[in-house]
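Next come two complexes, and both contain chain A; in the first it sits with chain B, in the second with chain C.
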Partner chain A sequence: MTEIATMPYCQDANAVPQHMLNNKGLRRILFTTPHKEEQPSNSAGIADTTQPQPPRISEQRGITAAAVLPEENWRLHSATTQRFITSKKWEGVVNRIDTDNEIFFAQLNELNAANTIEEDAELPINDVAEDDLELFKEGAIFFFSVGYRISEAGAHERSSRIRFQRLPKWKEDDIIDAHNKAKQIINKIKLE
Partner chain B sequence: MRPIKGKGCLIVLRGTFAPQIFQPAWFGTKGLIRQAESDKAKDIIVHESMTSFSLEWANVQVLQDRFTIATMDEGYEEPMRDLVLSTFRLLSETPITAIGLNRTMHFQVEDVDTWHAIGHKLAPKEVLWDKILTSPGTKSLTIEGKHKSGLPGYTLVKIEPSVAYQNSVYAEINDHYIVGESGKGTGADMAKLLEDTWADSQLNSNTIMSSIRERL
Partner chain C sequence: MTSPIATPPKSDEIEISLFGPGKGEALVIHIGAGKWVIVDSCVSDPSGSPTPLQYLDSIGVDIKTDVLMIVASHWHDDHTRGLSTIVNKCINATFVCAGAMVKDKFATLGQVYAKSSLKDKSGICEFSRIHSILAERGATVRRAYKNRPLLKRNSSETGLNFNFLLESLSPTDEAEELCIKQISEVISKLEAQRCVPDITPNILSVVLQIVSGSDSILLGSDLENHTEHGWCIVVNDKIRSQSKSLAYKVAHHGSVSGHNDQVWSTMLEDGTIALLAPFCCGRHRIPGAEDIKRIKTLTTNAYITTNHNKSLRSRNFPPDVKRTLGDAGIKITPTLKSKGHIRLRFAPNKPDTRRVDLFNGALKL
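Up next is the complex of A and B:
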C-alpha cells in the first residue's frame, strides 16, 4: 500500500505560476512513500507500481461506471498480449499496375524520417487486402509498414502490411460545387 | 540500446459530440473503415452518453465531451489519423475546442538499480524528500514545454514507472493544441490543424522519446 504526496498541481496551465513554466517548466511531480508500519524498500528511486493500480473511472455522468473503460486503458499504460512492432513505414503512391505479372510499381516516402527519402518499389498485388481492392488504382495512396509480430508466447514473426488511404466519398453535389468553383476561378484569370 | 516493450498513439479531441453517431456501421457505410472491420468490431457499447468499440487495430471511445481513438500498433498511426480527418471532414460543423496528439512508450532498463537511479536523476531526493518522507520514490514527473511552432497549446512529457513491464519506464507525450480562435473551433478547423501539425508532432515526439530512452 502506498501513500501519494503531490506537489501543488493544477489542470489549468494558466493557473500554474509562470516562473515554473518558462519554456520548460516543472508541471507535476508525484512521490510515493510506504506507510510507517511497513518495511521501507531500499532507497527506492522509483516507486514500485508494478502491482496493478485501482482503475480510475471517468466522471462522465449518466453512464454506469462499469460501462466506461478505465482511463488507464486510454493512456496505453497497459501491456498487450499480441503486438506488431514496426521497423519502418512508408507512405506510397501507386504508379503503375502490372496485372499480368501480379505486381504494382509505387513510389515510397519513408515516414518518421527527418529528411524525405523517396524510393521506387515493386510490390505483389496479392499483398493488397480484398476490402482495399476498390481503392487500388493508379494514383492511390497507401501505407506500407514492415516489422515483426510478437505472439502471446513471445515468438517473433516478420511481417509487412499494406493499407490504402480512405477518405470520405465524394457526393455528386460536392463534385458539381468543385466544378463551379473551378469555372469561377478560370473566368477570373481570363478577366485579368 | 534499451529495448522498447510497447508503443502507442492516441488522438483525443475535446468538444461537443453526439456519441450515438459514431457506431462501427456508420464508419463502414461512409467507407472510412473496411466493411469487414465494421462487421467484426468488438466490445460495442452504444448509449446516448457514450459509444465505444474496438477494431483489430484501434479502440474508439466517444463521450459527449471527448472523442478518443488509440492504437498500439505503430503501423496504423497514419490510418488512424486519416480516420479522424475523414470523420470530421464529414462532420465539419462539430464544435471542437482542443486536440491532443499523444504518444506513449515503455522501455526496459538494464537492471533494478538503474531503474531506481533514473527515479533519483529525475527527482533528486537529498535536498528535501529524504527529510520529509520515508523511502521516497518517484511516482510521476511531468514537464511542460511550448510548441516550437508558436501555436497555442503546450507539450507535456510525463515519465512514470511502467505498470506493465518489469524494470521498465513509461513515457508519455501529450502534444496539446487549441482549435480555432480561443478554442471555438470546428471539425473542419481541427482537420486542418491535424493535417498541418501531424508530421512535425510525430517527429518531435520520436526525438523526445529517443532522448529519454538514451540519456536517462
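Up next is the complex of A and C:
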C-alpha cells in the first residue's frame, strides 16, 4: 500500500531545529545516495594523501571515522513544499554501528506488511540526518522509508529516509512510578 | 514411521539439544527418566512459537509436568526470545537466573521500557513479562551463582544407574554488584535515554556444568573474558567438579572474546564435542573465519547449528524500491531463520554410546 506523507518537513513532529535552517529559512536535506569523498589530487590526477585533509563532516558531526558527503552534495529545498510518497516503510533497531566501514547494521520489520517479515539491513551512516545524531546509538529505534520526494514543480525523485524515534522524555515521576511498580512485582516473587 | 528427529531419548540417556536459528540460541536437556531442563530460548518459526517448546511437543513431552527447570543464562535478546511463553506454559518448572535479574532495579528498567515500542524487541522487556508471570504465580526463583547446585537427582529417586547434578559456575557476587551499580547509574540518567543501554551483561552469564555419572558437560553461555569477573573465575575455581567435560556449548557463539585457552586445556576432554550456535546480524557474523580456524585446531568434533556464512537473497521488492535501495547502497536481507539442531545423546558411564545427530542444516565445522 502506498502511503502519502502530505505533511511538509517543517511541520513534521520532528521539527527542524533552528540551526538546521539556512539564512533563507530553508532546510538542508542530505542526498540519500552515498558519494565518495573527493580527495585532493596531484597533476597526474592521483589522489595525494600527503596533503592535509580538510576536517571530515562526520568528525564535525561527532561520528568517529565515518565517511561524509562533501558540502556540494547537500541540497537546498523549500521546507514548505516538499512531499514524500512512501512506497515501503520499516521500523528498525540499530544493532551495531561499524564506523570503519561507514555503515550500521539494523533489524527491520516492515510496517503494514501482511505477514511479519524480519530482515537485516546494512545502511550508510551518512543517511542519518544531522538532527538525529544524538539519537543514533545501538539499540535506538528508527523508521526507514523508501519512496519519492516530490518537488514543488511536481518532479519525482526516488529517495529513502531514516528518522529516529523521538520518545517523550521520561519525567522523574515516570521513573518513580516504574520503580514502585517493579518493587511490587518483585516483592511477590520469592527468592532462594 | 517416526522420523529420527521426532524420536524421544531413552529413559537412561542424557540429551543435549542445541538450537540456533542464526541469531539466538536455546538448549533443551534430557536429564533422564523423561524429565527436561530448558536453558534460554530462541524463535525460528514465523509463528513466533519458542523453538524449545516446538521440539518438546514434537517428541511428545508433556511440558506442564516434565520440564523441571528453566534457566535464563542472561537477558540478551538472542537468548530470551520467547522465554516468557516458556515460563508461562511450563507451570511446574523452577525458574533460575542470576540474582541481579530479579532485583527491583533491573525490574524498573523493564517497567520503563515496557511502555515503549522496544517492548517486543528487548530482553529487558521479555524479563519484565517473566517477572509478572512469576509474581502472579507467587513463584520461587532460584538464584544462580558460583558453585551452586541447581538440580540434583539421585539414582534412588529416578531408578537410573547414575546421579545427575546441574550446577551453576557463575556469576560471582562481585559481578552481580557491578551490574546492579551499572543499572543504578543507567536509571539515574534515564530521562536522557532513548534506547536500552548496554549493561555489560556478559559477566552475569550463568555458566552451567552437568555431571551425570562420571561424565560431565560444560555449557558456556555467553561468558566472556574479563580481568576480574569472566572465565578466569571459573577456570581457577577449585570447588567445582574438576572432571573434564565430554562436550562444551562454546561460549559467546565462538567469539574470541569468549575464548579462554585454559577452559580448553583444563576443563574439557581431548577431542571434546563442541556445540556452537552462530550470531548473525548482516555482515557481522560470529564465529568468523579466524574463530572457526581456532576452534578446529582445538577439536575435530565441532558442530554448528547452521551455515551462517551462506548469502541470503533479498526478497522480491518492487522495481522502484529495489533501484532506490541499490542506488543508496542499502542491503536488506531476510533474517537467517534456520531450524538447525545439534543433538548429542549418550548413556552416562558408557563412552561408546555417545552420538551426535544433525538436523535441519546443522553441520560439522
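Going forward, the second predicted complex is superposed on the first by the 106 of 192 C-alpha atoms of A that agree within 3 Å, B and C clash if a C-alpha of one lies under 4 Å from a C-alpha of the other, contacts with A are read in each partner's own complex, and residues count from 1 in each chain.
One rule holds in what follows: contacts are C-beta pairs under 8 Å (C-beta built on N, C-alpha and C of every residue); 3 or more make two chains touch, one makes a residue touch a chain.
In this text the structure is predicted, and so the values were computed from the model without any measurement.
S.K.: Of the partners chain B and chain C, which touch A:Ser145 in the superposed model: first, second, both, neither?
M.R.: So A:Ser145 only meets chain B here.
S.K.: Quick one: classify A:Asn112 as touching chain B (first), chain C (second), both or neither.
M.R.: It touches chain B, and chain C stays clear.
S.K.: Report for A:Arg161: first if it touches chain B alone, second if chain C alone, otherwise both or neither.
M.R.: First partner only.
S.K.: Output check: A:Asp98 vs chain B and chain C. Expected answer is one of first, second, both, neither. What do you get?
M.R.: The second partner, chain C, only.
S.K.: So, does A:Glu172 touch the first partner chain B, the second partner chain C, both, or neither?
M.R.: Once the two structures are laid over each other on A, A:Glu172 reaches chain C alone.
S.K.: What part of chain A is shared between its chain B contacts and its chain C contacts?
M.R.: Looking at chain A, the two contact sets intersect at 32-34, 91, 147, 165-167, 169.
S.K.: In the complex, go through chain A and note every residue touching chain B.
M.R.: Interface residues on the chain A side: 2, 4-5, 13, 16, 21, 23-34, 36, 40-53, 58, 60-63, 67-69, 72-80, 83-86, 89, 91, 111-112, 114, 129, 131-132, 143, 145, 147, 161, 163, 165-169.
S.K.: Going by the contact rule set out above, which residues of chain C touch chain A in the complex?
M.R.: Of all residues in chain C, those touching chain A are 46, 48, 99, 102-105, 107-108, 110-112, 116-118, 121-122, 131-132, 134-136, 138-143, 187, 190-198, 280-284, 314-315, 317-318, 320-321, 323-325, 327-337.
S.K.: Spell out the residues on chain B that touch chain A in their complex, using ranges where they run on.
M.R.: Against chain A, the touching part of chain B is residues 4-8, 10, 12, 30-37, 45, 47-50, 52, 59, 61, 63-65, 68, 70, 72-76, 78-79, 82-83, 85-86, 89-90, 102, 104, 106, 115-121, 123, 125, 129, 133-146, 154, 156, 158, 160-166, 169-170, 172, 202-203, 206.
S.K.: Given the complex with chain C, which residues does chain A contribute to the contact?
M.R.: 32-34, 87-88, 91, 93-96, 98, 105-108, 115-124, 127, 135, 137-141, 146-148, 158-160, 164-167, 169-172, 174-175, 177-179, 181-186, 188-192
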